[in-house]
Every structure is written in structure tokens, then in C-alpha cells.
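In the part that follows, the structures are each spelled out as C-alpha cells.
One chain, chain A, links the two complexes that follow: it is found with chain B in the first and with chain C in the second.
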Partner chain A sequence: MTAGNRDVHTWLTERVATYLRRSPQDIDTSRPLADYGLDSLTALAITADIEDEFEVTVDDALTWDHPTVDALSAALSGLVGEKRV
Partner chain B sequence: MTFVSDLNDLKRSVRTRAELDLHSRRIASWIQERLSPGDRALLLYSPGIEFATAFSACVHAGVIAVPAPLPGRYRHERRRLAAIARDAGVRAVLTQESDLQDVEKWIAEEGVVGAVCHPTDAGDGDPDAWTAPEVSPDTLALLQYTSGSTGDPKGVMVTHGNLAANVDRMAAMFGNDSNTTYGGWIPLYHDMGLIGLLLPGLLCGSGYVQMDPMSFLRRPYHWLRMLDACDVNFTAAPDFGYEMCVRRVTDEQLATLDLSRLKAADGSEPVRADVVTAFTERFAAAGLRPDALIPVYGLAEATLMASGTSGRPARCTDADAAALENRELKPATGTRPSRVLVGCGAPSGSDALIVDPDTGDALPDGRIGEIWLDGPCVAAGYWENDDATDATFHARTSDGRGPFLRTGDLGGLIDGELYITGRRKDVLVLHGRNLHPADIEYELRSQHEELAGLHGATFMVGHDDAVATAPAIVAVHEIRAHWGAERLGEIAVDMKQTIAREFGAPVAAVALVRPAGVRRTTSGKVQRSAMRALYLTGELDTLHLAEDPLLTAALADHRRVTAR
Partner chain C sequence: MTITTTGLAPKRADELEHLLGSLADPANPTGATAILAADERAEMLTAGESLLHSYGLNAEFVPPELGGRLERADHLAEVMRSLYRRDPALGLGYGASSLIAGVTLWTAGAAPQREHAARLLLDGHRIAIAFHELAHGNDMAGTEFEATAAPDGLRLSGRKEVVTNIARADAMVVLARTDPGSGPRSHSLVLVDRASADPARLTDLPRFSTVGMRGVQLGGLRFDDLPVPASAVLGPVGSGLETALKALQITRTVLPAMATGILDTGLRLTVDHLSARRLYGGPATALPHVRSVLAGVFADLLRAEALGAVGARALHLVPGAASVYASAVKFEVSRLLLEAMDRLAELLGAHFYLREGPTALFQKLLRDLAPVGFGHIARAACQMSLLPQLPLLARRTWTRHGTAAPADLYALAEPLPPLPYDRLALHAGGRDPIAGSLHTLLDEPWAPEDADLRDAVAADRAKLAQLACECGQLSPVELGVGARPEYYDLVTRYVRLLSRTVCVQVWRHAEPGNFLADPAWLRAALHRSAREPHRPGPLPAQVEDTLLTELLDRRDTGRSFGLTGRPLAV
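Right after this comes the complex of A and B.
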């Protein structure tokens, strides 16, 4: 599976919501994920899903360096864009 | 033994018994030239085949092994490791070439002195120069530093006799024999990995297969695939490992698995009935037997396993919630509120006695008290800490029986089955790790200047308090009131971020209270269980409460039930 034209932000919000046991509309994408109970296991699960979905390699610290869905999806769009070039 | 380095194409490195023996003697002779029997060596290794070799070399050299995680990237982890090195008075830091740079950097930064740092895979040492040390069952083999906070690390002294007894009893309990292959992802500095899987695999089984814990945490399917592909018959993990498999292994992945040859121990944190049921049901489709998942109870102070079972499905008992509050284990009847408890089998690693922790009176079946243990698996005490050893290992009942090990865990027996109902101690058990509230509170104050000089209390919700939420941390901390609502909200979010990032733990709530709002004893000790009780009943007076809505809902239910 590749990113294609799929909206990174929407995909990420859905994944995050599933892991944090709530629905996507309950996630405020400008709030730190730690506010929703993000822990190191969930952070790793999200990075693994990102790698599988977009076929990129990301650092384990990605979700901590970019702590909100907005920041994470901006960083990710950059990565995916780089790969396409 | 085998290390599976790539789970996609199952790439493996293998070390045969003959190779393990040769390298152990080689490294042991290097150690013997520099250290004396009874000296301590710190073992710092990334996952791979070298750790097991170095551990075996320490045994061959008569040196006490001190396994610990690599320094890591966070300050509190590096500080804790330095505190362990100092407490144990290590004379050598053993590592491997690929980790050497990180280890040397940590040694320099933390000012660890008096220890020679050596990569054991560099080839130094002459296997023929090795001489066998004198070893008796009372000789120390290992210091296990899972207890104690950073400021007060405690190394459990595990003897050769302890290890042999516990490994034998586990094999007998689980029905394992010389054809059993052991394996898993639990790190080898964790007693469940070292004593529960590696040692029985090498000493009385047909081998041990290891994978990188990170590989499991990223993709839980890889664990199950490794077990199947490498014909592993016995594995072990904390409860959250099984939950991760239930939540994250897809139907497609499940269809590739044959788990019919597997037994799996579930322990080192509270075993949840819903996880046991969900895992057993979900993986039945892959051939998992209904009795494959084995709830166990254990602790480093009793070497590892204290109770377990096999050959029958886990026993889940619906216990009367009101009786539990009165420290009684009674099956629930009718529509009264209840809580499902998972039996952790019969006391088999050690003999167990249930004791009233306040009076020291032994209690009959059906009553809840502190679990006290006795027998050949009880460790020799804490390294160079007579006060803590006396308090924990030399307990006597009110009628003079003893000495017993005080576990700090609360539980009771029904029909010979041990049920764990809670903990007396403040330590937080999460994802199989012990976290110390004092360490978390210290880190919060050092990273958030608004909290400096004030007090905090951290505790867990969702484990054994009948609050229906995923286990998570609640941090209560004092703050001066002049910060205004908006700023308090920001501080609370930042505090959650600090705890989650530095300790890897989920945070369900941060409650900011006025100075002197955290209760303390006259000697100044923070009363965390009192703060927890205030929080659970909703009586805590807060300046700002940042609470996960999921927890808010669970607490509302909880308060309704307990108010009845």
C-alpha cells in the first residue's frame, strides 16, 4: 500500500483514535497526544503503522518530537514528499 | 540458542552448546585474570546472542552478574543505571562492540569509576586458561535490580540454589521437559526473560530463541510468527503482551499461524480476566489450546515464579465487590456488584501464607491479607542493605513462625488457588515494569519549575480498583495558585507529556492542587494511597483537573456503585 493521494492527516487521525480508544471526532488534532493517554507502546505502534502504510523508515522518537496529529502529519507529509522526488 | 534478527525473512544467528561453552570459558578466563570470585560485573547488551554468553561466562568465573538495560536516552534511565553500578560496586562493565561507544559515553558522563569496560565479543581470553570456581548452592549468581527507586536501588541477591530450585519447579509445574524449546521477546535483564525463558531453555530444555523486544512492540504478530516458525513450545510475557496481540494481529496474519504446540505464561503484572478470555478465544482459530495461557504470580525476591498452574484453563472467579472491600474473597451471588479475578494457580515456587499485614496474624482461606512466602526460592536478601533485608525477608507471624518474605502484594486463597487483589506498596506495575512514584514526582519537579519545592503523589488507576479503564497513571501535584486557569492547563498538558515521554506510561489525569494539598505523614512521607482514595471518591479539591473523558466516565460509574 502506498500513500497515493490519500490524506495523511485523515489517515493519522483515524489510526490515533483507534489506538487511544475513541472516535476520530473526539481527537483535537492540535492537542498533544499525551493528553489522550499516549504511552511508549502506542507511540511505537503508530510509527510501525506509518512505516507500513507509507513505506518509509521513521525514528522511534517521531511521535514525541511531533507531539500532535497536526505536527506529526506535517512531518510525515514532508517525508512522503521527499520519497516521491 | 538462537537470535532471530529479522522477522520478515526469519534471519537467525545461532550459537550451539559447544560454542556457548567455548566462548563462556574464553570470557571467563579474561574475567578471572582481572576480578576475584564474588566481584560484580554489570551486563549491558542490546538484544542478541552475546548477553547469554556473558552471563554464562560470569557463572564460569564465579563472578556475580548484574544485568541491566542499556543507558537509554532519558536522564532518569541513565541516572538509575549509574545508581545501580554504584550500589553493586561493579568491578567490570561487560558489553559488546556495537554497544561500546554508548556505554563508554555513559560511564564518562555519569562518572562511574572503579570498573573496567570490556566488549566480550572482541575475542579476548584463552578458553584453556579457565579454571572452575568453587560454587555452592549459597553462592550468589545474580543481583536483580528490579526493586527500589533511583535514589534507593535494591539488588535482590539470587543464589545458584535459588536459580536451580526455581527452574526445576517451573519445569515441573508447566509440564516442560528436555524437548521443550523456550523463547520470546522479554529482555534478558528482566527476570522473566532471564530466569523464566533463557535459563530453563539452556539448563533443562532443548534451547532458547530470542527476538528483539522492539520488534514485538512495533509488530506483535512477529512474536507469534517467531514462536510458530522456530517451534517454540513455551513463552512468557506480561499481560499487556497478550492484549497487544488481541488488538493488533489482523485476521490475515492470524490465518498464517499454527499455535497448537504452545504454552504461554502470563504474569509480572496483574493478569486481567478479559485479556485471558480474549486471547484464548481469538487465537483458538490458530489452534491455541484452551489451557495454553497460564496465569502466574511471581517476584524477583522469590527468584521468579511463586505460583502457577498448567493443564487446565485459567480459573476466573467472580468475586463479591463489597466483600473484597472488607478483605474477604467470596464468590458473587445474584446481582450484587462483582469483580472477576484470575487465579494465579497454586503456590508452587514457594510456600504461601496469607497474613494480616498490621497484626502479623496468619489468615484462613477466603480472607485477604499480605502474601508471605517461604522456601528454597526465596532470595538471600538485598545487596548490602541490612535494614531493607530485615524488613522484607525476615518477617515473623504473631505466633513466631518464620522467617518469611513479605511480598507487599495482597491476595487470598480459595481451594488452594492464589488470587492477587492489590498491592500494599506504592510501586506502580505497568507493562511488566516497576515504576516508582518518587522517581516520576522528582522528574516532574526537575522539568517544570512551577512545581519546584512542592509535593506530588502519583498512583495508578484501572488495575485492581474496580475502575473500568485501561491501566494508567494519575499525577496529583501541588502548585502555587497565582498561575491563572489558562497557564495551569498548559502546565498540566506538559506534565502529561513529560511522564509519557520519559517513563513511557499512559497518563489518564493530572490534578493540580494548592500547596499542602498533598497529604503527608508527620515525618513528611507522601501518603499516596490516601491521595488515591480522595481522588477515586471525588473528594480531592483541585485548582485544575486535566482528566481523560474516558476516565471521567469510568469514575462516575465507580462512584455510583461504591455509593450504594
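Right after this comes the complex of A and C.
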């Protein structure tokens, strides 16, 4: 799977849904990941997924400062967009 | 910048050892007799504290650019072993608690905060680390102690409990909740200067008494709306847990490494006792069972120190991976020490139980060692912090060739760059150059007589691949605090492979002529850490003979039993 033209928000939602073994429609992207069981330590794994998927380097505390899919997408859009151009 | 200090131990470690003097001399104010008397009174060894004050021990905890001697984490551990070898209560109660506070300051403090803290320590004062609340244990995020915003700064309210030296510290680093929310950005570290704090708003709680480390002054403090300036916060508001998780990687590594000094003396007391003892018509040390246990404990001490040393060097050389290695060191070194002291106790029999006579120090050391398994962070909490990292480690390192670690990671005498506090990370992002080196080790040259060792490495590599298979399928959601108990065994299996690889690498990088270059200790280390349904059996006869010969020679020449084998003031 490559980023291609896929939206960061969609990709993140799918990624989180995979972790939770749920379908993406069941994820409320405005709710903190911790509400779904991705606590402060387990959520850190998402940063590595982001790095692998979008070939960027992100701050290790990214998910702490942006604890929802919505917030993460917003934080990443600039970074990922720049990389893709 | 590379620091020029080379060698397994700095010269000043010998100076401190000499100053502390002979443990066995009853007239020595810092010898075993005085240490035991202070322990019976549940007091700190006053003569020891004065000696360390004159020596300026606190400088060991202060970075060089701030006037201290904290150049190398591995050397720090070796210097502190001189204390743990005699009186662990001095090690923790005079030293380590200020070190823990120190690393949070060096990691997150602004220049004026760092300079203030360095000055306090260099002047011989103490800084307490006030994280603990009895109700929450290792659950730092559960901290209730509050710092609420006020027009001129913050107001601190709540209780901190079972905190070393809190009643006699001049300053303290307090973990406080700055946001009522549950997330990881809800806490901050606050540097509280006790001298300038309003005493009417601080109430010391009664001292907590303990089974071991009885002299250590464990206290508590109640804060009633204590005003502190906004400038007292370390780093940005909300960064408290992040700073703690990063900075304490240093102390989670070096504290267990220091505690190997306890086993060093435990082993010496046991060998001394058994050498003098005649049982069944011969010296006790001639009994095959006794010889086997002593050689096994010696091997365990060596591998504990090897893991501690490489973990400490990793802080300098691969700081991004230290979140994994620090938890692994704490988890494994503490286990090795606790189990080895228990086996020595079995050998000593009634003599480990006596609070008098030539082996009396053993029962104190046994009690003082216990906190290595739960103090600062508990072993199970180390497993819990490693668990969510396993799938990434599997994906990014265990299944493929990754970035190799610099060879100096394992060449223990080589100099190190300064501690990069700003490059410690919350997680390793799957980077694990030590276990990853199993991929390349097999391709390196191996002497024909070491074929058995190469076979062991090949088997470990296959085990790492198997572990990667199992861990790679797990979702991080399954690996949080609610992780199933059987997953904890994955951590145990990983740490076993990691520490075995460390031993192989230390042996390969040892200086020719050094005992560490002799494959006997490595064979023993690998044998002792083999995965068996029961305990590993006795060592192969030739390996046991080599280890016992070395052990007894070090005993006779007054040298330490750990990696350095350096002269002691026994």
C-alpha cells in the first residue's frame, strides 16, 4: 500500500481501525485514541506507521500532542504534502 | 566532541575505593562493623556521608559542562559500585536519589535551572525526586498531586510519599498534575526550592520504615497551596511524563548496574566463609555442588555487568534505542542479582541468617538488594513498557538487516561522546541495533575452536526470527496495560536473546589478554541463560574450572568479581 493520492485522514482511520480490529466507519475520528484503548504508550506505534507509509520523520511525541485522528491528520497534512510534491 | 577518558574504570574509582577503606577492618568507620551498627539503628552511616561529602561525590551526578564529573554512564556505575559493595543505603541515600533528580534537570531544565541544580549538588546539597504517591505506584499518569495556575505562578497541593531524603533535601523535583485531563500531557515537573518555600505550607510526614535500606530517610511531604513561580516548571507545561520517560532511562540503566556491587560482596563473603569451612573432611569449596553454584553466580555477575555496561554505553551511542535497553537492563540485571544472592544464601545456610559474625553483612546486603526489583520502576512495569514496542522491533529490526551499532558500544574501554540528553526518545521506533547484530554476527570470522559459540548465535538468530513472527502479528492495542499475561513472556524471551547477544559482542570486542576475551565466561553466560524447561544444569567441567580458578585468584588478590576485576580495599 502506498500513499499515492490517498488522503492522510482516510489512511490513519483505516490504520487505527486495523489496530482495533474494527471497521473504519466505527471510528469517531474526533475522539481521543485513548478512548479506544490506544493509551499513551501503545499510541506511539502509530508514529512509526506514519513514517513508514509517508516516508517522513515525525516527532516521537506526535500522538501525545495530537491525540485524535482529526488532529493527527491536520498536523501531518503539511508535512506529508510537502514530501509528496 | 569525544571525551578522552578511556578504560573500564576511571582512576577516581580507585581513589574512592581507597578512601572508603577495608570492609573487614573493625576499626574502619566505613567498614562492615560500622555499617551494620548504623543499619541496626536504621540510621545512615554518618562517617560515610561525611566522607562522601568531602570527596565531593555529588559531582559524579553533574555534567562536565556544569562543573561535574558525569562524563560516562558506565564509569558512573563503576564509581558507585564502591558504595553498593559496602553499604547500598549510602549508594541510594547519599547518591542515587540526587542523580535521579539531576537527570530530569539536565534533560528538561532551562539553563538557570540546570545551573542552580548543579551548584546545589556541587556544594554537597541534596535534590529529592518527589514522584511517588503510595496510591498510584508506578502509574505515573495517575498522579493526583496538583499544580494549579495562579496569577503569579503555580500553587502546589497534595502529598508525596516514600520519597528518599525529602525531609533533608534543599530542593526537589515534583511530578504534578497541571491538567485535569487523563492524557499524557497532563503533568509537569516542578523544581521546588525548599529554602525559599513558605514553611507554613509544607508539612513533613512521618518517616517510612523498611525491611532493607533501613538507614535511607524515606519521608513524605504534604503541600498546602504552596506558591511557586512559573519559572519553576521544567520544560513546557504538560511535558512532565515525557521528560520522566526520557530522563529516567539513564537511571533505570545505571541504578541496577551499580547494584551489581552488592552481589560482588555477597560472593566474596560466601567464598571467604566456605574456603575457611571444613565439611565432611575437606574444605567446603571442594564440594562439587558448592563449586558449581559459585561458578554459576560468578558467570551471572559477569553477564549482569556486561548488560549494564552495554546499556550504559547505549545511552551515549544509540540514545534513540535506550527506551528499550533501559527497561531490559532494569528487568534482567535485577533478576540476575536477586536470584544469584538467593543461591548464595542457600550455600551460606544459617550464616546468611545471622546478624553477627563474619558473614553478618550478607543479610543486610540481601535486604538492601530487594528494591532493585521494584524501586524506581518495578520489573513488571518494565515488561509493560517494552510490550508495545515489540511489534515495531520485530518489523523494523528483527526480520531484516538494520543499522549496525558503532563497535564502541561493545568495546568497553573505549571513550564515549557526552550523554545526549536531548536525543533520548519515548520509544525506539523499532530500532534495536544490538539484537539486530545477530543478523551479521554469523558472517564475521569465527575460530574453529569456537564453533559451539557460533552455533549458539545461529540458534539465537533463529529464535529471534520466531519471536519476530509472533510479535509482528500483534496489535499495539493488545499490548497496553490490559495485555494478556502470556504476552509478558514475549518480553522475557526478547530480553534473554538481547542479553545473550550483548555477552557475545562484549567477548568479541574484549582486549586480548583480558579475562573477558576468554571464551570460558561466554560459554558460562550462554549456558546459564539457555532456555530450559527447568533451571540450567551445571556448567561444563572445563568452563567451571576456568571460572573457579579466576574467581579464587581474584579473591586471593583482592580484586572485584565483575567486568573490571580491579583491585579493591577488601
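The definition used in the following text is that the second predicted complex is superposed on the first by the 75 of 85 C-alpha atoms of A that agree within 3 Å, B and C clash if a C-alpha of one lies under 4 Å from a C-alpha of the other, contacts with A are read in each partner's own complex, and residues count from 1 in each chain.
In this text, a residue touches a chain if its C-beta (ideal position, glycine included) is under 8 Å from a C-beta of that chain, and two chains touch if they have at least 3 such contacts.
Bear in mind the structure is a predicted one, so any value in this text is a computation, not a measurement.
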item: Partner chain(s) touched by A:Arg31 [first = chain B, second = chain C, both, neither]; value: first
item: Chain B versus chain C as contact partner of A:Thr47, first or second or both or neither; value: both
item: Partner chain in contact with A:Asp7 - chain B first, chain C second, else both or neither; value: neither
item: Touching partner for A:Asp39 - first (chain B), second (chain C), both, neither; value: both
item: Which of chain B and chain C A:Glu55 touches, first, second, both or neither; value: neither
item: Doubly contacted residues of chain A, that is, touched by chain B and again by chain C; value: 21, 32, 34, 36-42, 44-45, 47-48, 60-61, 64, 67
item: Residue numbers on chain B that touch chain A, as the complex places them; value: 73, 214, 217-219, 240, 244, 248, 431, 470, 472, 493, 496-497, 499-501, 504-508, 546, 548-550
item: Residues of chain A defined as touching chain C within the complex; value: 18-21, 32, 34, 36-48, 51, 60-61, 64-65, 67
item: Interfacial residue positions of chain A with respect to chain B in the complex; value: 21-22, 26, 31-32, 34-42, 44-45, 47-48, 60-61, 64, 67
item: Residues on chain C engaged by chain A in the complex (per definition of touch); value: 141, 182-185, 241-242, 384-385, 388-389, 391-392, 396, 425-427, 429-430, 475-477, 479-482
